[in-house]
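The two complexes that follow have subunit A in common; it is paired with subunit B in the first and with subunit C in the second.
The block that comes next holds the complex of A and B.
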């Protein structure tokens, strides 16, 4: 009746059959999309899938500490994967949506910078609280030396903990993850917005200027929904906490790529069906 | 293999809650169709009741799923429910009268595939995963449809994307003043997502009791309905919105009262402590 021993034993093993089924599902969805809406629809779906993969891959970089981190017993930011990824990604998405009129590359980079900035501020304030509020140094429990700075970790690690605070490599990982997540979210939004702007006026029988609020809101809503689905699936892949790119759990990313690709293609296909049917 | 941490002891079995929740949600959603038949907007409050019954079902599903200790926190379950539900709901609104049923089927398909992805590709291997994610997607879609019916009085794509604005006695059709175009869907999304994940997150633990958690869900649902009813003043007639608001406030007051009673029942001991008296002279 307690939640203490509730760590799932999923582990890092791959399931080749399921991965193959996933790839086949992805191809089937792409074929269906080509059938109902060749051209613009298929292009949008490919963009959405790439955006989903960016989100799924980027989430692995973010140092997530969960409840142990709140007690200073594990490195990372003290909340769940889904919350952090959603926070960083949505911040990026809003930044990118604001720059949507300035061209695809500018908007996507703006989205990425927005997400990265959000994570940089979060990581810095978290370290402020850890170092000056709780009085603990930053030390990783998973590696002996910081892969970037080469600083040794063991001397700073308290006994009985898995490390604490945010080492430099985790900080860099957080900013990278925020950048990838924000860019992916913006890419999804832009693809759907372009599709809706092109197709909705004819579908609803109203002029293109009137359709803007609907196109923006629907594309934004789908981008948020897709973002949350991808973030939660990646959270399921990580199961709990991760320190950043140097964590052994980071090696699970191939599973997440397939999962995010299938989930994004599926959800993106539903979003495209709105204008294709 | 995972260890199941909590076993449902006593209480209503999950299958019964699922069937009751599904049927009452669909019935309430279709009762809002009386708006079209009678050419009024008075029956919009049935959308709010659909929200509450779907949320009660959904929070129990979250309990079934999160009892396995998925290691990602309870709120993530609410987020994936609405993330996958919003897709199904928006596409289903295009099917007019059949929208709730289409949303049910479409969300079940999306949820089933997401369940397969997490259980097999991501190797979660949790027995309840596929069924739970299927149910969650359906709950998310039907809850959003309930909010749409509550706020706009209908659940068709045309009704959700067009509104009218009165200016100097003239009524102009506008896409900005609508459920989707005005962005009200984003508020409904988070109202539902928070209401669905909070009850189990708040009540979990060794002292978990089914009736207390479900009563808290009803309370959260009616609280969301109050906010949605206030938003509905923008899109439906004031009289109909007042009916929704009164139903929501009465329901919330009842559920809140009951929840406090149940909490007192389950507490080891409770003391009606007074504030610390202010001593004079210091």
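The block that comes next holds the complex of A and C.
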């Protein structure tokens, strides 16, 4: 069977019981947070959870081919999915944090655009190297036609490979994934920053101006950490490689959403406990 | 106001140049050390009976490794600056100490990975260890120094709120991501499999059969660094340079327009421009290189 004809295998099956357990765990963590730090703490945890979900979902869009892509044996970007997603999302977080003073919406969109821009440049340069450095055109191994452009793919796959480079749909997927990741990371940062700004001065007994560097650094580190947690979780869900939104593995995203929500809530709860206890 | 913008543009240009050098050095360092995904073939080759003299230090991906080294360099530089050490000296000392860690990492990784192949008859070459490690360290120093310097400029001159070590971590990971994404295929396909047809991917059946001989004697990783730097290294440098430069440029120039929406609109426009360029490259390749077989046969 060729990859074009391949169907999602057992790895893509959903387990309703496990997902229900995940939802229950999420509700328990939210209830604990409400008990420990109602109001600002709970709002921050909800924001962190949504941010984590955005990162986890966004990582599914990013076309990563891993080691086979490095030899032109499979389509996608030749690196690890968690690493590329983290690189794009953190570039977005960098921009979003800079725009934090201009309001939540502007900062989150700025973070998303930063992540999308990083991925757009990277995907374009990947195709540049494939085409002008190695003389290889793009070809998907998972679909017969590019869902966006309608370009046929099979005849552009070189012999003995599953495709190579980044077809247009993978490029669009990469930009979308970078946008969601950057926006999610920035949302997590902003939620924790607001909480720390409010709670740390009383906790440490110092003025708000002195607490700012500590709040920024702590919120930034937790945002980076949560980014890696969610990107790695998704990497497991897609077993290391994915071509983008047209890949059959993309259909596994509901499972990852639940896992990302639980993991983000747990990590976010720890971040909130720093100032709640 | 105008003076501030001009100052910001100057700093942005400098950081873009530093990022370009960093990207190029990072890719060359990772290719000499064989740290990216193509290292799967370096590890596989002895198992297929092809013994070689290629360095092998891929016990971590490039992004986390560079995240560590750049955060370490930035953190140490930050600590030295807090001790009133001159900023330039602090960055140099911080980068040197970070590169010492990289050297330890490279040495233990090479010994560990290669020793694990002993059952397949792959020797540990001490001369390879001695000659390659210092070259990877030199390239790593250039990359780490450039990243720490650009982070210092972003923090000190442009006023980004993140502390220097956190900026080092973020841009170190981004550097590794951009460098490995752009540079890996050129090292993996074009260099390791130089014996395969140009203009096609490596057939899966050829896996492990990497080129092991040079013009004279056996090929080593310095030959690989020399070869890949010309296109893979340059492309990685341009990629990371564009990421840093354009991200800062749109913020510095357009952030004050419409309460931040100016930078967002410019960012979206740039994404659209890169989308058009990417599509042009894709269509150009399909037209000029043509299909490998008839569409009917392929389907």
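Criterion: the second predicted complex is superposed on the first by the 267 of 277 C-alpha atoms of A that agree within 3 Å, B and C clash if a C-alpha of one lies under 4 Å from a C-alpha of the other, contacts with A are read in each partner's own complex, and residues count from 1 in each chain.
Simple rule for what comes next: contacts are C-beta pairs under 8 Å (C-beta built on N, C-alpha and C of every residue); 3 or more make two chains touch, one makes a residue touch a chain.
Since we're looking at a predicted model, the values are computed, not measured.
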Worksheet item: Do subunit B and subunit C fit side by side on subunit A after the overlay, or clash?
Response: clash
Worksheet item: Looking at the overlay, what does A:80 touch: subunit B (first), subunit C (second), both, or neither?
Response: both
Discussion item. Once chain A of both complexes is superposed, is A:231 in touch with subunit B (first), subunit C (second), both, or neither?
Written reply: first
Worksheet item: Who does A:15 touch here: subunit B (first), subunit C (second), both, or neither?
Response: first
Worksheet entry | More subunit A residues in contact [subunit B versus subunit C] | C
Practice prompt. Look at A:270 in the shared chain and tell me whether it touches subunit B only, subunit C only, both, or neither; answer first, second, both or neither.
Written response: first
Worksheet item: First (subunit B), second (subunit C), both or neither: which does A:27 touch?
Response: neither
Discussion item. Contact-wise, after the overlay, does A:36 reach subunit B, subunit C, both or neither (first, second, both, neither)?
Written reply: neither
Practice prompt. For A:256, decide between first (touching subunit B), second (touching subunit C), both and neither.
Written response: first
Worksheet item: Looking at the overlay, what does A:164 touch: subunit B (first), subunit C (second), both, or neither?
Response: second
Item to complete: Please indicate which partner A:133 is in contact with in the superposed arrangement: first for subunit B, second for subunit C, both, or neither.
Response: second
Response to the item:
The clashing stretch of subunit C against subunit B, among 5-13, 41-49 or 113-121, is 113-121
Item to complete: Using the superposition described at the top, list the residues of subunit A that contact subunit B and also contact subunit C.
Response: 66, 80, 83, 86, 213, 217, 220-221, 224
Worksheet item: How about subunit C: which of its residues touch subunit A in the complex?
Response: 36-38, 40-41, 61-64, 160-163, 166-167, 169-171, 173-174, 176-178, 180-190, 192-193, 198-207, 231-232, 235-236, 238-239, 242-243, 246-247, 250-251, 255, 259-261, 263-264, 267-268, 270-271, 274-275, 277-279, 281-282, 284-286, 289, 291-295, 297-299
Worksheet, complete the sentence: subunit A partner, complex, touching residues on subunit B are 1-3, 5-6, 68-73, 75-77, 79-80, 82-88, 90-91, 94, 106, 110, 113-114, 116-118, 120-126, 158, 161, 174-176, 178, 180-183, 185-186, 189, 204-206
Discussion item. Please output the residues of subunit A touching subunit B within their complex, sorted ascending.
Written reply: 1-3, 5-11, 13-15, 17-19, 21-22, 25, 66, 80-83, 86, 204, 206, 210-211, 213-214, 217-218, 220-222, 224-229, 231-233, 235-240, 255-256, 258-259, 262-263, 266-267, 270-271, 273-274, 277
Fill in: In the complex with subunit C, residue positions of subunit A that touch it
66-73, 77-80, 83-84, 86-88, 90-91, 93-95, 97-100, 102-103, 106-107, 109-110, 113-114, 116-118, 120-138, 144, 149, 151-152, 154-168, 171-172, 175, 212-213, 216-217, 220-221, 224
